[in-house]
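What follows is one structure encoded as structure tokens, with my remarks underneath.
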Amino acid sequence: MQLQQLFSPSVQHTLDVIGIFVFAISGALLAVRKNFDVFGIAVLAEVTALGGGMIRDLVIGAVPPAAFTDLGYFLTPLLAALVVFFLHPHVERIQSAVLVFDAAGLGLFCVSGTTKAYSYGLGLTASATLGLATAVGGGVLRDVLANEVPSLLRWDRDLYAVPAIVGATMVVLCIRYGTLTPFTSALAVVTAFVLRLLAMRFHWRAPRAWNRRSTVTED
Amino acid sequence: MQLQQLFSPSVQHTLDVIGIFVFAISGALLAVRKNFDVFGIAVLAEVTALGGGMIRDLVIGAVPPAAFTDLGYFLTPLLAALVVFFLHPHVERIQSAVLVFDAAGLGLFCVSGTTKAYSYGLGLTASATLGLATAVGGGVLRDVLANEVPSLLRWDRDLYAVPAIVGATMVVLCIRYGTLTPFTSALAVVTAFVLRLLAMRFHWRAPRAWNRRSTVTED
Amino acid sequence: MQLQQLFSPSVQHTLDVIGIFVFAISGALLAVRKNFDVFGIAVLAEVTALGGGMIRDLVIGAVPPAAFTDLGYFLTPLLAALVVFFLHPHVERIQSAVLVFDAAGLGLFCVSGTTKAYSYGLGLTASATLGLATAVGGGVLRDVLANEVPSLLRWDRDLYAVPAIVGATMVVLCIRYGTLTPFTSALAVVTAFVLRLLAMRFHWRAPRAWNRRSTVTED
């Protein structure tokens, strides 16, 4: 089963590059806010955009990772870094548009990450986990390098992992029941995308531990 | 030499799952203290419990790592996260019991990590190093993700690495002299476990650099 | 093409060990400043010295990484940690000499990292990127473990990445045009080394984003 070719190769590649670009923008914007220089901006753009896929590829043994074999994947974050370097007040101004694209990247990567992991022979649960890691791993590395608590883990941020978990779960359920087609894949992408948009719109948040003492640490 | 089967497979698996569970508890408790939401608690539980073994498996080329091939390994930290999520004041109250189990996990993982690395063809020193990494790597990743100085590196914490180093060294010495048996392996586990308990009981600490200036940074 | 043997094996090994030693010194010094204990000093020395090469080896699939197959590579950082542990006021006093050696390590590692990646079949751009990662990766891991913003990314530090990028680029250009010899390799090492010395001498810095607001975050 040629799982990776859910869409035609050129369509898939275009979608990947779009996802990489918007993730890179989010990394470059954080780098500017942290006052990094132009190389810091480029490094954070690359790591944010490609880090999740690299973690997945190292885990499934797909070395060298796609980030190092596809020149387009490597150059796209540099382009995003340049855009932010020269135009960042304008990029900040369209921050909400950036977040919409980021949501699209989240949807695309949780689905493509899950299918790639499965095509390398991993089980369904492990594939969904790696789909999640593909979608959120770059953002976690971004925050760790910027010396901040990962946005993913903070309770005061709108849901980010849950849409990716839902999208990845839809993919493995489709695989399990033999109904993974370009259409159902696209449906999983759109579901994750829309869930993330709704989470931002209505500020959905996940609960914190029950009965914790009211003291709040450092946030 | 079938080094990995020091104990019968089912016994070894049970011991691994216990170690994973207690490590996951320590990750989940830190997540609650950092005010993370339920997904942050689950992520930190998974990373703490499985991170050390993942580092070892990536280094020795055992991909996909065991964390992604054994469903029990993956689900155990989620169970620990749920326990902490609902019951964390009670878990905090039995913190000292948790630390005893954590010491047991330390002993188990330094021994099983060393033997797994050796069975993949690494040298004795490298195997002991990876045994140490298996035992302490998850805790370091936990602290990095929580944006804290790794507890492992701080001088004001009771000895943690030394018991694991002693246990791993006992294993490679036994391998070197052909005396690695279930009995000597268990002895190494117990030695590391007891050393850690003694370090906690008597607040054993490692020295800091000689002649450092008295200024103390940020601790 | 036996790219890795730019110099005779024993010369290459000696150069590697020197680079590892000086990188380890920088890790150990930071550990002392952070008030870590002797094990924290050893861990930070190992990670700083060997981390960049480990990242490269995991990416190119050279497992187990050289850090785990060459005992000299492993023991050298421990020696550096001992030197700093007992003599660190003296090492601090010759900090500028340490920085000169660190610049030499930067030059050596960007060149040897690039050639090793290319010899494993990676493309020219990917090889240069991994040469950069070899040279600067250990320092980034050092700062992440010490819970600091990576020195590499900060605008208020003298250029560090650029000399390594220049050295790595010279190597891939030589490969591209078939002129990679021990002489041109040495020239790339020396160029990166001298550029880094000049950057320190004249406090060369990279620009930050254009038109950023004057608010400065947390640095």
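Residue numbering begins at 1 within each chain, and the chains themselves are lettered A, B and C in the order written.
Methods note: a contact is a pair of C-beta atoms (placed from the backbone, for glycine too) under 8 Å apart; a residue touches a chain by one contact, two chains touch by 3 or more.
As the structure is a computational prediction, the values presented were derived from the model and not from experiment.
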item	value
Partner chains shared by subunit A and subunit B (touch criterion as defined above)	C
Interface composition of copies subunit B and subunit C: same or different, split at half	different
Whole-Å gap separating subunit B and subunit C, where each centre is the average of the chain's CA atoms	29
Per-residue multi-chain contacts in subunit A, two or more chains	58, 144, 147
Touching residues on subunit A, where the partner in the complex is subunit C	31-41, 43-44, 54, 58, 63-65, 68-69, 71, 74, 84-86, 88-89, 144-147
Residues of subunit B defined as touching subunit C within the complex	58-61, 120-123, 125-126, 129-130, 140, 144, 147-150, 152-155, 161-162, 205-213, 216-219
